[in-house]
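Have a look at this one before I ask anything.
Naming follows writing order (A, B, C and D), and every chain is counted from residue 1.
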Amino acid sequence: MIKAGIIGATGYAGAELVRLLLGHREAEIKWYGSRSYIDEKYASVYGNMFQLVEDHCLDDHIEELAKQADVIFTATPQGFLAGVLTEEILQNARVVDLSADYRLKDVNIYEKWYKIKHKSPQFLEEAVYGLCEINREKVKKARLVANPGCYTTCSILTAYPLVKEGLIDPHTLIVDAKSGTSGAGRGAKLPNLFCEVNENMKAYGVASHRHTPEIEEQLGYAAGEGIIISFTPHLVPMNRGILATAYAALRKIEQKDGTRAYPSCEQVKSVYDKYYGDEYFVRVLDQGTYPETKWVEGSNFVDIGFQIDERTGRIVMMGAIDNLVKGAAGQAVQNMNLMFGFEETEGLRMPPVFP
Amino acid sequence: MIKAGIIGATGYAGAELVRLLLGHREAEIKWYGSRSYIDEKYASVYGNMFQLVEDHCLDDHIEELAKQADVIFTATPQGFLAGVLTEEILQNARVVDLSADYRLKDVNIYEKWYKIKHKSPQFLEEAVYGLCEINREKVKKARLVANPGCYTTCSILTAYPLVKEGLIDPHTLIVDAKSGTSGAGRGAKLPNLFCEVNENMKAYGVASHRHTPEIEEQLGYAAGEGIIISFTPHLVPMNRGILATAYAALRKIEQKDGTRAYPSCEQVKSVYDKYYGDEYFVRVLDQGTYPETKWVEGSNFVDIGFQIDERTGRIVMMGAIDNLVKGAAGQAVQNMNLMFGFEETEGLRMPPVFP
Amino acid sequence: MIKAGIIGATGYAGAELVRLLLGHREAEIKWYGSRSYIDEKYASVYGNMFQLVEDHCLDDHIEELAKQADVIFTATPQGFLAGVLTEEILQNARVVDLSADYRLKDVNIYEKWYKIKHKSPQFLEEAVYGLCEINREKVKKARLVANPGCYTTCSILTAYPLVKEGLIDPHTLIVDAKSGTSGAGRGAKLPNLFCEVNENMKAYGVASHRHTPEIEEQLGYAAGEGIIISFTPHLVPMNRGILATAYAALRKIEQKDGTRAYPSCEQVKSVYDKYYGDEYFVRVLDQGTYPETKWVEGSNFVDIGFQIDERTGRIVMMGAIDNLVKGAAGQAVQNMNLMFGFEETEGLRMPPVFP
Amino acid sequence: MIKAGIIGATGYAGAELVRLLLGHREAEIKWYGSRSYIDEKYASVYGNMFQLVEDHCLDDHIEELAKQADVIFTATPQGFLAGVLTEEILQNARVVDLSADYRLKDVNIYEKWYKIKHKSPQFLEEAVYGLCEINREKVKKARLVANPGCYTTCSILTAYPLVKEGLIDPHTLIVDAKSGTSGAGRGAKLPNLFCEVNENMKAYGVASHRHTPEIEEQLGYAAGEGIIISFTPHLVPMNRGILATAYAALRKIEQKDGTRAYPSCEQVKSVYDKYYGDEYFVRVLDQGTYPETKWVEGSNFVDIGFQIDERTGRIVMMGAIDNLVKGAAGQAVQNMNLMFGFEETEGLRMPPVFP
């Protein structure tokens, strides 16, 4: 039984970590960090945890926490971990950072998109980008894991095999993503009020959302070259769920008879299966079936479907996740499982909740 | 590992049984019965179960099922089980009936409220009303358990201790209940369309809802006399959850100094704690805290709160459940656990999902 | 064409006043008061008003406003108007106050329930309680109208005829009310965030909600005696709409043959029709039909239905309104129409929006 | 006062026609046609119309209707009008068809996408595509107007000026559209149940939705050449509203100094203003403001915004409408206004409802 500490335990991602770790057989939470609710009972902040969590909230003294915990999750605003991380902390505990501080290898790109100074770029090289299905082996040995963003997890996994195998032209990639409102956090802001979000839909951060360079970096590794994509997030009146609809031009590939032609449905499917056939958490749907966010709600699954459009020569790839699970806390636990040699699905096998 | 069969596995309650039993360590599903989807893949009916359930749907041949299974769940329309149940079936398998067929001891009341002829009243006496917290010992020995209705579970548990201890006048009891739409089932009916339910609220079945006599019978046992109550259900634009707001006149009780006075908050709380203090699934909230349906969503918990209104001499009791869990499938699993000697919380310990 | 000014034009009730007055043929808005958004374009605060309102927000200098406007609407927090109202203002302009400052005749009750000192009780006697259907003639002559609360409008109109005619015992009245979230205002508060409200339902302000004494006062006038009632508000995941479900014991009334008996459906219906048969905005539904909030959304209608429960001797009365229209801005415009001799339905004839 | 008849008055689009025509000063409804509800009171099908519409539903005998009415609206399934339309009908009454029967000039494309035989292609040439802002003059003289689809209205108007002026390469156009559920109609189908739609999001009809050729035809006229686009509709858990997010590669245009460069924000804005500056119902938002569906709800407005993405050389165009108003009934009334010489905005000036 390892000891886990959470800094930022009262945000939605932190609360989801609590929910998942309560069902984990190898880890127990020893530190519910929350700057806003210090000394308050955790269950008074999240009524669902009444009688399940008796602890009070603690501060965010990460150095002290590192001495008491085996693993630290930071579900904190951008810049927090970069501002406090030290070699000593990493020698005492492993860290899974749910913020963006160590996701981008190029500090200039980080500072340009996040508009803050990075205070500990010396850890950037060591940090492992914790997209488990792609970086599994690196994660196992990591001290510091940069847990991917919610949009990025969904977008990258949806397009990755086709980019990697050259079936699509990555420079034509356009990701139109739709997210439930929990992705906006628990801050008391007017645009997130029920009456502003309900019965409403809008795009935001068009051509400027911070998850864009993260997708570009990771899919660039797959493409073997730098790529620039279009990414547009939208706010949807639902609590949880991200649906990414991704468009790209197909590339002709060599066929068995030596000619070059656009890939068939079966060929696309087999490429997806090559990468995800053994992955528990990635479900490549049967042909003609498109993902729905409700089918993954509450679970760590990624559902992926696609449709070839012969008229346009494009393919439409669709991926769905629960933004708080595979898009945040679930993937963080999956990373912890890898780092500590636990079964990768431990604490994460609950089926999706429907309806 | 016992073998379970579900008849009516493709309704919402049946599907929730599937979700819960997939996480149960002592039971496995051997029969996904669904008259509407015979031979279709279960996961094609419920996309959330893709790659988790590989079975196809079977018919509702309960005699055959009884030979193969240790326990049968019937999540079927009223009248189905009463029409097919035999002594032979009960000798082969235990039955948990999620319909109303064996909930009411008086067959006349059943036939009057449900407007159908009861075809096997001979089993009414044997059937145990499966409200676990109240009939635990009887359930343990039962062959046939009548799983309580959703509204009734919530209403009864909310008022039970105060009725039992005489703190309220049961003849003044008014239960105003609000339910999410999954309670209306998965039938393709116009009033349950998204656009008809969303942004809307209404009462229905006023003074005629079938759960009324069920509440009256059970609370009548607690009161030690027959009672008649007002019960009004309402449809709420949410998927899951029941909130019961119950009103009753307080009765003066004898105080330590020999006088009679209305009970204090502390006295009411201590009565609730007397009955529920050791119950895992019933959470009596701290004073001044009222239940919210979201705090129990996806879980088997019942959250109960109350407020004494000194101005009117009434008490307002409030209870919240997830109608598909404690109000249906969760309680059915809890009953199964009791019947087979498993730990009562097995398969049911997942914390509520929030948000 | 009269000139109207709104103080508090950027709250939800104020914004609804703007929407309604834009369609009014006898009034035009000259002052969009909003302390929070002074000098900002009104349409930048409410995007729906883009190209429809070109004005910028002004302060809340009511004395200056009174010189420019014929009518002033105050959609402001409790205590604001009482703190600034003067005889001079009332000589210059008529005032419709959407806050509670002049609704209760007894200043002690106001101060007890609202927990603030009333700063101008000298206007309490003059102020007319603006429930148009009941106080129409008084409103016509009023300088100062206290626009009723949302819950109160719905609750009072639903029960009024039966209380007035003695068909129910007012001391047994219990009102269980459910409201959409716009009733909570546009303040950026955590409990009103989308993820906290959506898929959730709860009671609040149990036995302590400020609309209680307002209902008691008005129904007390109808009863001819002081009454105390139970009132419980609930928060529902929808933008607009209030549904009030009201319970009361029926009283036996004298029948044609001289005996006393409980009133029949027809008798109840005829009492409702006696009071509301000529009212444009009150729709007494056909027997067996219960109101739904969606059927009045966006309109000034009050829909009323009822069900006699012979088993309990109680009647269940149900009323539905749009809390922002008949529960706030619509009734305010209706009051203005009466005060200025316009057609009472002017600006308010739009049918409900469905779905 | 002209007489209007509606065939299909009990679908959502038909009901919206009723709502709008009730507020129209030049037209009155004489025929509520509804095959499913013949002889039933219209207000019993749509409770919001209680006491506003006293009529009963009639059949769909269009020849008889044509003799009684000046204008006929057909809000009927594809193929209905094509199956019954005659020259005699058109001589008796003008027809606005809300179905797709006369939208596509090429009967082969119609039959391919709709998979039904077109039974009266002889009227295709005469029929005017009723996108008022673009075909205003033709509509004025039309006997038969093909009212555009909801997705198409939103998609075409959003991209039209930039296609027409050559600022974007129309062959790169990708429209990712999101619609509220009323677009799916009022049929009692499982996928449209509240519990299936709520808290869920999915794409559907990918690369095969019938509105695709309609967009291609109209934007093809603007481009001056045939074009093929990607169009993907999505279902969103809200009642009303369509948001179209459209992506296209910018084209370099000649600048004042004779060089060619990508258009600036100002240049794009001025092109939009050139086409829509005088249009009452099209609102081109200020730069940096993106449309939200709630800002147009209940109204006939189209809100349009855009964002140039210099990194990719693409532009993101966004448009929002109420699918039942500008996407169906509102545009139908606008067409009627043009056909009969009424003020174009008559009956359509109500501001959007928020929240």
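Observations
Keep in mind that, in the parts below, contacts are C-beta pairs under 8 Å (C-beta built on N, C-alpha and C of every residue); 3 or more make two chains touch, one makes a residue touch a chain.
Remember, it's a predicted structure, so these values are computed and weren't measured experimentally.
Of the two chain pairs examined here, B-D and A-D, the one linked by more C-beta pairs in contact is A-D. Taking each chain's centre as the mean of its C-alpha atoms, chain A lies 38 Å from chain D.
One finds 47 Å separating the Cα centroids of chain B and chain D. Counting partners per residue, chain C has 12, 182, 195-196, 198-199, 237-240, 292, 294, 297, 355 as the residues that reach two or more other chains.
Shown here, the protein chains touch in all possible pairs. Of all the residues in chain C, the ones that touch chain A in their complex are 12, 181-182, 186, 188-190, 192-199, 237-239. Touching chain B in their complex are the following residues of chain C: 174, 176, 178, 180, 195-196, 198-204, 206-207, 228-230, 232, 234, 236-241, 243, 245, 247, 290-294, 297, 307-312, 314, 316, 318, 320, 355. Residue ranges of chain B in contact with chain A, taken from their complex: 12, 15, 19, 22-23, 46-52, 182, 199, 239-240, 283, 285, 289, 292, 294-299, 303, 349-355.
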